[in-house]
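Before anything else, here's the structure in question.
By letter and in written order, the chains are A, B, C and D; residue numbering begins at 1 in each of them.
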Amino acid sequence: MTFWNDPINLISEWLRGIFMGWGMAANLAMVITNIIGIFVIILFAMAIAIFLVWVERKVVARFQDRLGPNRIGPFGLFQPFADIVKLIIKEDITPEGADKLIFNMAPVISLASVILIWAVVPLASQIYGVDINVAVLYLVAAGAFGTLSVIMAGWSSNNKYALIGAFRMVATMISYEIPMVVALLIPTIIAGTMSLKEISNAQNGIWFAFLSPLGLLLFVISAIAELGRSPFDLNEAESEIVAGFHIEYTGMKFGLFYAGELLHAFTFGGFMAVFFFGGYGGFFGLEKLAAFSWLSNPFIQMVVFLIKALIGYWVIMWIKYSMPRIRIDHMLAFNWKFLTPLAFVLLMMTALLDKLLAPTNFYVSGMFISNLLFAWIVIEILRSRSKQERAHDIEHAEPVELAAHH
Amino acid sequence: MSIPLSWYLILSAALFSIGLFGVLARKNAVAILLGIELMLNAVNINLVSFWRYGNIASISGQVFAIIVFAVAAAEVAVGLALIISVYRRRTTVIANDLDLLKW
Amino acid sequence: MTPDQVIFILCAAVIVVTAIMVVTSPNLIHAALWLIATLFGVAILYALLQAGFLALVQVVIYIGAIAILFIFAVMLTRREMRDKGPQLNKNWALAAILAVLTFGGLFYILSGWSGFSGKAAEIPAGMDTLRNLGFALVSPDAYLLPFEVASILLLAALIGAIYIASASKK
Amino acid sequence: MQGQWLYIGLFLIIGIIVPIIPLLASRFLAPHKPNPIKQSTYECGIETVGESWVQFKSQYYIFALVFLVFDVETVFLFPWAITLGKLTIFAVIEGIIFILILLAGLSFAWRKGMLEWA
């Protein structure tokens, strides 16, 4: 066990040795070591969040043909710190009629629900908080607190816009949770475990993205909806309800919501990597070759994971800044009439084929081709449906009166 | 595991009694359902602690707890739908005022 | 006292206090939020009982779905009815006596039981309770039937609830 | 096993403390001069009319209802999903029957027109 192969265990053993040298009980020393480790993970996550503020502003500027922040530090890198200072010294206004305790708790729970997820994020084979055997469900459970914080913020603000925004957001989050959970069930079935580390390791040969491309698509769509980002950002539709559930929040409380949203998006990018792109590993067996054995180094793995997560985050941003907002009825109909049935049929197909094809030689190709076939069938059905609808519309269309008599 | 089974059982009995109080004493129909939730949770604590303190290899306690989750979900879904339906017709959610079915 | 016991006592205190708030809070939204705190305390108890899966199911189903449904239902009914006037009916003293009697009765019956202060055995190493649960839910000689019946129960609840809600819509 | 949950418990506590720190910093550093105009409800400058607690469309409730049932059932599928590799084809079919019963509920809601935003 050297620093380069297993840094976390080495450091924690070392710290525990020091604490026990001071005469602490073994259990207490372990708890304190864990607390230090937790602080490191959370501060690492917060550092990422600060970095993301810069990434987000720079990338959106590029998408909109602007330069973005470029005054403070090289490439505007210190802009987020200026933002933080600004947010901290801004006056904190609590609106009249607000339910103070709940109003103040909501942003904290919002950010905490995202931070909680980082307890199970497998940054590398040896660098992670904890590897529980129900981690996939843990992810969903942490999301439940996110929903809760939204409804608390919307209700306690004593503002119509906030309440409408909260209702829309909660409706989105809970509706799209179903396809997301089903999309999470697919890697769970293929890997046969809910531990994120084992799911990552199961993809050493082949990424699950190739075994279930439709599962990946489902996960991306429902993750964006869970985040409440465009095209599902009708919870904060600026033109109607200004900012949605966090309209009455000022200063650092708004900052917490904002940091939570960015970190949540990045975390989902990370989970996209874990569930479908091999997580910290997934080099298609390359790391077994002697020349590439350095790929198994935890630090390299962590860099690989962060790059994959950043790519996932970039995709989420790309979609956000290219898509128009959709209406709430369309959004819910899209989920319940299309995504949910699709997700369940896909789940049944995956479970059946996983069982039938596992002993055969064409497991990978069979899974991939079946997904493509399924996608083709769905597209054909949709095409014929829309043709029928269009024909129906044309038949029942009322003739348009010519309005002008110039 | 240094906690005796009795602690869990007493806690669950207390939770059950509090829920019972809620069911009997609250005016509002939604609040009565909240009391029922507390009682169902008390039952679940019992089931899981009996699993843990009884035969661990047999998973019955956990399966029962899961079935109780399903029952709770079904109860909430139908109960709240009924309350909202009654509210639309009578614009009240006070249980005592819901006296259509007198005979 | 061992750390386990300290955690249990803290958790039990939270559960009891928040449960009392649930049944007495005049504001129904607050009651629903207190209920969430109670449910979270129960989830911690499950984790303490080494039933991690159930702890997460508790959070996902109760906090993520049932509590949200409660809050929606409260918001759909008008405000005046919730916040004004006493929220307890006139029989509340009787109800309180009955609740205390129930607790006393349960305590009395339980304390006479031989297994009352039983200790838990260690979970044997290598036993995966989660996988056992999965096997139990799908093997025909265990709990296959309850598993499928639960699904039918939920289907019935869905149909019933939707029927009631749609009948009142017109 | 229990150590893992202890770790998550600690994570939860620290995860709540960390967001509170900047809020406390802001409490000491930020000015605090409330006045009625500042504290009034923000509605783009227009005077607030009526209560903020408006009557909501019951459709939100219907979707929450459908969600509740589906959430419970998908959570039940997790123990099934992780044991699938060690089970026979029979168990897979049981799971599929479970899902089909679930989809029957969805199709009922669809037929009843409860998924329309009417």
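The rule we apply is simple: a residue touches a chain if its C-beta (ideal position, glycine included) is under 8 Å from a C-beta of that chain, and two chains touch if they have at least 3 such contacts.
Every value quoted in this text rests on a predicted model; they were computed, and no experiment measured them.
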Remark   = Contact tally winner between A-C and B-D is A-C
Key: Closest chain to global C-alpha mean, per-chain Cα centroids   = D
Task = Can you check how far apart chain A and chain B are, centre to centre, with Cα atoms defining each centre and the answer in Å?
result = 34
Key: Where chain A and chain C are represented by their mean Cα positions, the distance between them in whole Å   = 29
Message = Centroid of chain B to centroid of chain D, CA atoms only: how many Å?
response = 21
Whole-Å gap separating chain B and chain C, where each centre is the average of the chain's CA atoms = 6
Two or more partner chains touched - positions in chain B = 66, 69-70, 73-74, 76-77, 80-81, 84, 88
Key: Sequence positions of chain D contacting 2 or more other chains   = 4-5, 8, 53, 56, 58, 60-61, 64-69, 71-72, 75-76, 78, 81-83, 86, 95, 102, 109
Query = Could you say which residues in chain A touch two or more other chains, in rising order?
reply = 132, 134, 137-138, 140, 163, 167, 170, 174, 177, 194
Message = Per the touch rule above, enumerate the chain pairs that touch, sorted by label.
response = A-C, A-D, B-C, B-D, C-D
Interface residues, chain A side, partner chain D - complex = 31, 34-35, 38-39, 41-43, 46, 84, 87-97, 104, 107-109, 111-112, 115-116, 118-119, 129-132, 134, 136-138, 140, 157-164, 167, 170-171, 174-175, 177-178, 181-182, 185, 188-189, 192-194, 242, 247-248, 251-253, 255-256, 328-329, 332-333, 336-337, 340-341, 344, 347-348, 351-352, 354-356, 358
Query = Quick one: in the complex, what on chain D touches chain C?
reply = 1-2, 4-5, 8-9, 51, 53, 55-56, 58, 60-62, 64-69, 71-73, 75-76, 78-83, 86-87, 91, 94-95, 97-98, 101-102, 104-105, 108-109, 112-114
Task = Going by the contact rule at the top, pick out the chain C residues touching chain B in the complex.
result = 2, 4-5, 8, 12, 15-16, 19-20, 22-23, 28, 31-32, 35, 38-39, 42, 45-46, 48-51, 53-54, 57-58, 61-62, 65-66, 69-70, 73-74, 76-78, 81-82, 86-89, 91-92, 94-96, 98-100, 102-103, 106-107, 110-111, 115-124, 127, 129, 132-133, 136-137, 142-143, 146, 150, 153-154, 156-158, 160-162, 164-165, 167-169
Complex interface listing, chain B residues touching chain D = 66, 69-70, 73-74, 76-77, 80-81, 84, 88
Message = So in the complex, the part of chain D that touches chain B is made up of which residues?
response = 58, 61, 65, 68-69, 71-72, 75-76
